[in-house]
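Two complexes are shown next, each including chain A; its partner changes from chain B in the first to chain C in the second.
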Partner chain A sequence: MRKLALSLTDGRGFDILLVAVPLGFLLALSGLPLLYNVLMSFQEVDMFSLGSVIRPFVGLANYKALFAEPETWPIFANTAIFVTASIAGQFVIGFGLALFFWVNFPGASWLRGLFLISWIMPGLVVGAVWNWMLSGDFGVINFLLREAGLISRNIFWRSDPNFALWAVILANIWLGTSFNMILLSVGLSAIPEDLYEAAELDGANVWQRFVTITLPMMRSSIGAILSLGLIFTLQQFDLFAAITSGGPNNASNVAQYWAWDLSFKQYDFARGATISVIMILFVMLASVIYVRSTRQEVRG
Partner chain B sequence: MSIRMCLMAGAVALAGIPALGMSHASAEEITLRIWSLDKPEQPAWNLAKEFDDKEPNIKVEYRLIQFDDVVSEAMRAYSTGQAPDIIAIDNPEHALFASRGAFLDLTDMISKSSVIKKENYFKGPLNSVTWKDKLYGVPKATNTIALYYNADMFRAKGLDPDKPPQTWDELLAAARKLNDPARNVYGLAFSAKGNEEGTFQFLPWVQMAGGSYKHINTEGGVKALTAWKTIMNEKLASPDSLTRGQWDSTGTFNAGNAAMAISGPWELNRMTSEAKFDWRVALLPIPQPGAERSSAMGDFNWAIFSSTKHPAEAFKAIEYFASQDDKMFAKYGQLPARSDITLPATGDAKKDAALKVFQEQLKYAQARGPHPQWPKISKAIQDAIQAALTGQMSPKDALDQAQKKIDAVLG
Partner chain C sequence: MTEAWRNRLMLLIALALAAVYLFPLYWMYITTLKSGSAVFATPPGFWPSDPHWDTYVYVWESRNLARYLGNSLVIATGAVTLITLLGTGCAYVLARYRNRWVDVGLFLILMLQVLPASLMITPIFVGFSQLGLLDYPRFAVVLAIAAKSMPFFVVLVRATFMSVPMELEEAALVDGNSRIGAFFNIVLPLARNGILVSAILIFMQAFGEFVYSKSIIQAIEYQPASVGLNSFMGPNTNEWNSIMAFATIYVTPILAIFVLLQRRIVSGLTSGALK
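== the complex of A and B ==
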């Protein structure tokens, strides 16, 4: 008994306790719902059997029905475009800004802090603001483009099938850039100064220093930010709800919004769960990349 | 997305817990639980309170639910045995619950009631509480859509404000005349949004042309969608009508950026304070002279859950609510779903004139459905509207595709 108490306060037991609490928490609040979601995707679910766990098992019928829908592939393609374009935009602009603030001119640090405002704004608020800015008749973006002479007639960002998805991407890039910038700034500041000094003495120019020192030293930060970006973009829901609602005609619909629409607007919970399961696979892929790139970081 | 799923699963699990501590209602005083989306300045909140004060032996617990949550909350509660006694439910969702036996059959109670009489209600609202010839609820209120127009702009463009457009052709002709891009004025404002609002606005057109939600790809349906397409193609309405709801669309009318607008009586209070011009309301234009009139029918119904332990008391509460119907417009601007009530004048000439038109239009209002899978039918129609208006499909093809999906649901 004393041995157990001792082990619990200072020993293996303590280690196990430390691991068991968060693990139990994760299992109860993430693991079980996740399994429940997977289970639902193999069942026939309607709203009146929502309270029970045992429901008619239908095998892969939900998956087959899903891929028989004409809108399925376009929506998954939209999701891919949305994720790729959002991450690319967020990363390139974020990296650029991080390098810019790295120069450390007067006021750089608090200016960098101000950029975080976009990240702490609730998604629905960001969505509502962009909704106004992107409005076809009175939106400020059209006004600026028109005054600058770039367009001769208004672009209907939200309602033109050619632009709707890009309208949401634009808003999402704005939303996520500062987060990219901050994480990359942290990575940049961890690179030892003397590396650059030595390279400079050896006659390496700016571009060579960037490619041979900055990029390799940033590998783990970049891996982490890209996989986090994938997770955050696949989670992005508020902007769709606020700007286009997935319309017009699914032109800006993506998997995550579609799953919600099916579950909570059309009450097709099984179909909604099916899409979620497919998305879980992609997020798991991102998690593997994330874990691998941060593991390297720890080993340093 | 999986997070939402998790939350839901968690809520289902938690909903079981309060069941343990709930069975201590005393023998003489019973508790009625009422759910509705009405806020303190709206009817149900106050009616529930009045009923609570009036009946010494009945305690009323009122719970406010957000519009988006009504159905999912109710489903969850019913499937876990936690349903309230009374709920206010949006009319297209009524059949879903009635068809699954979640709502109490009120047919006998209504036939014996001295307050609620079947024949006093408009056909559309009554139809929405009906499932297989039985009544599963009582219409709480009703609304419909009609054509608002800016009489000042009519005069400025040489149109007679006393002769609003009667047919679709006249509507289009008027919109063309009123359209003034140089001044940022569109001829018409309406909503073709890809949600229930789009269906709500579109179905009346189909019905006037002789179609219905069951037969959407008929000649009439195609004619209706083609008329909408003409409006969009000629830019007689803002292209943003595709992603904008009725409230925002009518906002542009109030601001003088649209000369006509299709919307409902819920706009009246805002329009009275915001619109600084001579606005009027006309019946929805019909496809050709002599065609049948039709309109959309909105608003909520009262229903009693079949799991209630106090059906008599719950019905008594609904009887009390119905007995107050005649005061609802003056107090809260809500239109009763009844033909036997003459609404008193409000004193505002424009509002009173508009009210007359809406009451006339209500006679032609048709319920959406009733069908237990209404959201799926509605979605098929929304998709067709959006596919046609964005030019990705012809109206005929889009409606053919919708018909296929609707046939699959109707079986």
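== the complex of A and C ==
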């Protein structure tokens, strides 16, 4: 007994205790639900069997039924568009801003940090503000576009099936750009300056320096940031809840919102779990890429 | 062009960029000061010529904002306390050693960090309802948020512990401290700032959390402000000045903390996210 107590205060036991309790907590509250999710996707779950773990086993029936639905592929396509367009927008604008703020001038780092406000705000608030700005008749975005002569009639961002998904993408690009910019700035500041001096002596112009020095030196940071972007974009839920609720008629629905909608609006927990399993597999793939690319950065 | 003029020009462009980027925030604040009819004016007013401050009073009382914000505060405080208590020690051990087990632990933590809340809520909800945890909805949400955000906290705080020189701890051990003593007297005080900044980041996240609260908390008297804001925004809403006032009251404390601690928060965030 004394030996155990001694180990806990002054030996290996101390380390093991410090790690075991949080890891146990995480496994109980994230690991178990993960497995339970897989189990539910193979079961028939309804309001009556919600209280029991042992439910009728249906094999792959949930998966088959899911892919037989007419809305499944359009929603997965929406998810792909949402992810691609959001990451592309966030990354390109973020990179541009990071390059601008890389030029050192007084106040640069403070102003750059201020951008992060968009990322720090609750998603619901960001969604509410963009919902109001994108409003059809009285929204300020439509007003500015009209004044600029870009549109002649108001765009009904939230209720027009052609624009609903893009309304959420627009808000999401705004939300994530600053985070991309901050991480890219870190990568940029790690590039040794003498590389540029040498290139300049050799007569390389700005564009050549960007392509032959900046991009190759940033390769692993860019990999990490893009996969982080994928992870964060697939987590985005609040904006959908605040702007379009997946409507009209699923035009702006994506998998991560659909899974929640099926479980908590239509009480089809088995279907919700089935989509969750598919998407979680996808997210885990992205995070393996992320871990690999950050590894390289630490070691290289 | 001299150095000083170049700096001034760059600063001017930077200010313009920041103004464009943060326009949505400005639009939120300015909408709260408009009257019910001025909100729908064409062209919209870009300057508060006739500010109406009473919208704040009206929203605060009619939407019962004190209760919503109180619940957000309870949930965020609970989650941060739980995460800090459990996560700090975990981050310390993962920073102090470098072996295969630590790699496995780190990998597990990174994997658990990426699970989207809206996908995890289905099994968590069903599991919690079977355990009877839904009778304590705010506690259930605290547990769910803690599980979701702890990995992020561990990653951030681990980066802080990495920067504490190990020799200091070894010196304390030679001087006769126990491991526990060295941890509490030497390592923790040195890592205090990093832990504090990470805790603040987690607090801001938990204060704005939506998915878990929306799904788990049915009773309106326990709902946090994010759920309150969501139910305020019906599909055909037109009280935009009131909604923006709700959002303003909700978000301004977070923004104030952020602007005050900006430097520390940004450096804490960047040191953890890429390592």
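Following the convention adopted for this analysis, the second predicted complex is superposed on the first by the 274 of 300 C-alpha atoms of A that agree within 3 Å, B and C clash if a C-alpha of one lies under 4 Å from a C-alpha of the other, contacts with A are read in each partner's own complex, and residues count from 1 in each chain.
As a working rule, a residue touches a chain if its C-beta (ideal position, glycine included) is under 8 Å from a C-beta of that chain, and two chains touch if they have at least 3 such contacts.
Note that this is a predicted model, so its numbers are computed, not measured.
Shared-chain residue A:S30: touches chain B and chain C both. Looking at the shared chain after the overlay, A:A251 reaches chain B, while chain C stays out of its contact range.
With both structures placed on the common chain, the touch criterion links A:N62 to neither chain B nor chain C. In the superposition on chain A, A:P161 makes contact with chain B only, while chain C stays out of contact range. The partner that reaches more residues of chain A, of the two candidates chain B and chain C, is C.
Once the two complexes are overlaid on the shared chain, A:L114 sits against chain C while remaining clear of chain B.
Using the contact criterion defined above for the overlaid structures, shared-chain residue A:M279 touches chain B and also reaches chain C. Contacts of A:I231 after superposition: chain C is touched, whereas chain B is not reached.
Once the two complexes are laid over each other on the shared chain, residue contacts for A:T9 go to chain C alone; chain B is not touched. Once chain A of one complex is fitted onto chain A of the other, the partner contacts of A:N172 are absent, as it touches neither chain B nor chain C. Shared contact residues of chain A, touching chain B in one structure and chain C in the other: 29-30, 32-34, 36-37, 40, 50-52, 135, 137-138, 235, 237, 245, 256, 259-260, 263-264, 272-273, 275-276, 279-280. Per the touch definition, chain A reaches chain B in the complex via residues 29-30, 32-34, 36-37, 40, 47-52, 70-71, 135-138, 156, 158-161, 164, 235, 237, 244-251, 255-256, 259-260, 263-268, 272-273, 275-276, 279-280. Listing the residues of chain B that touch chain A in their complex gives 1-6, 9-10, 12, 15, 68, 71-72, 75-76, 78-80, 96, 100, 102, 184, 193-195, 238-243, 252, 257, 375-376, 379, 383, 386-387, 389-390, 392, 401.
Note for the complex: chain A touches chain C at residues 9-11, 14-15, 17-19, 21-23, 25-26, 29-34, 36-37, 40, 45, 50-53, 97, 100-101, 103, 105-111, 113-118, 120-126, 128-133, 135, 137-138, 140, 143, 147, 174, 177-178, 182-183, 185-187, 221, 224, 228, 231, 234-235, 237-238, 241-242, 245, 256-257, 259-260, 263-264, 269, 272-273, 275-276, 279-280, 283-284, 286-287, 290-291, 294, 297-298. Of all residues in chain C, those touching chain A in their complex are 6-7, 10-11, 13-15, 17-18, 21-22, 24-25, 27-28, 31, 39-40, 42-44, 86-87, 89-90, 92-94, 96-97, 105, 107-127, 129-130, 143-144, 146-148, 150-151, 154, 178-180, 183, 204, 207-211, 214-215, 226, 229-230, 233, 235, 240, 243-244, 246-247, 250-251, 254-255, 258-259, 262-263, 265-266, 269-270, 273-275.
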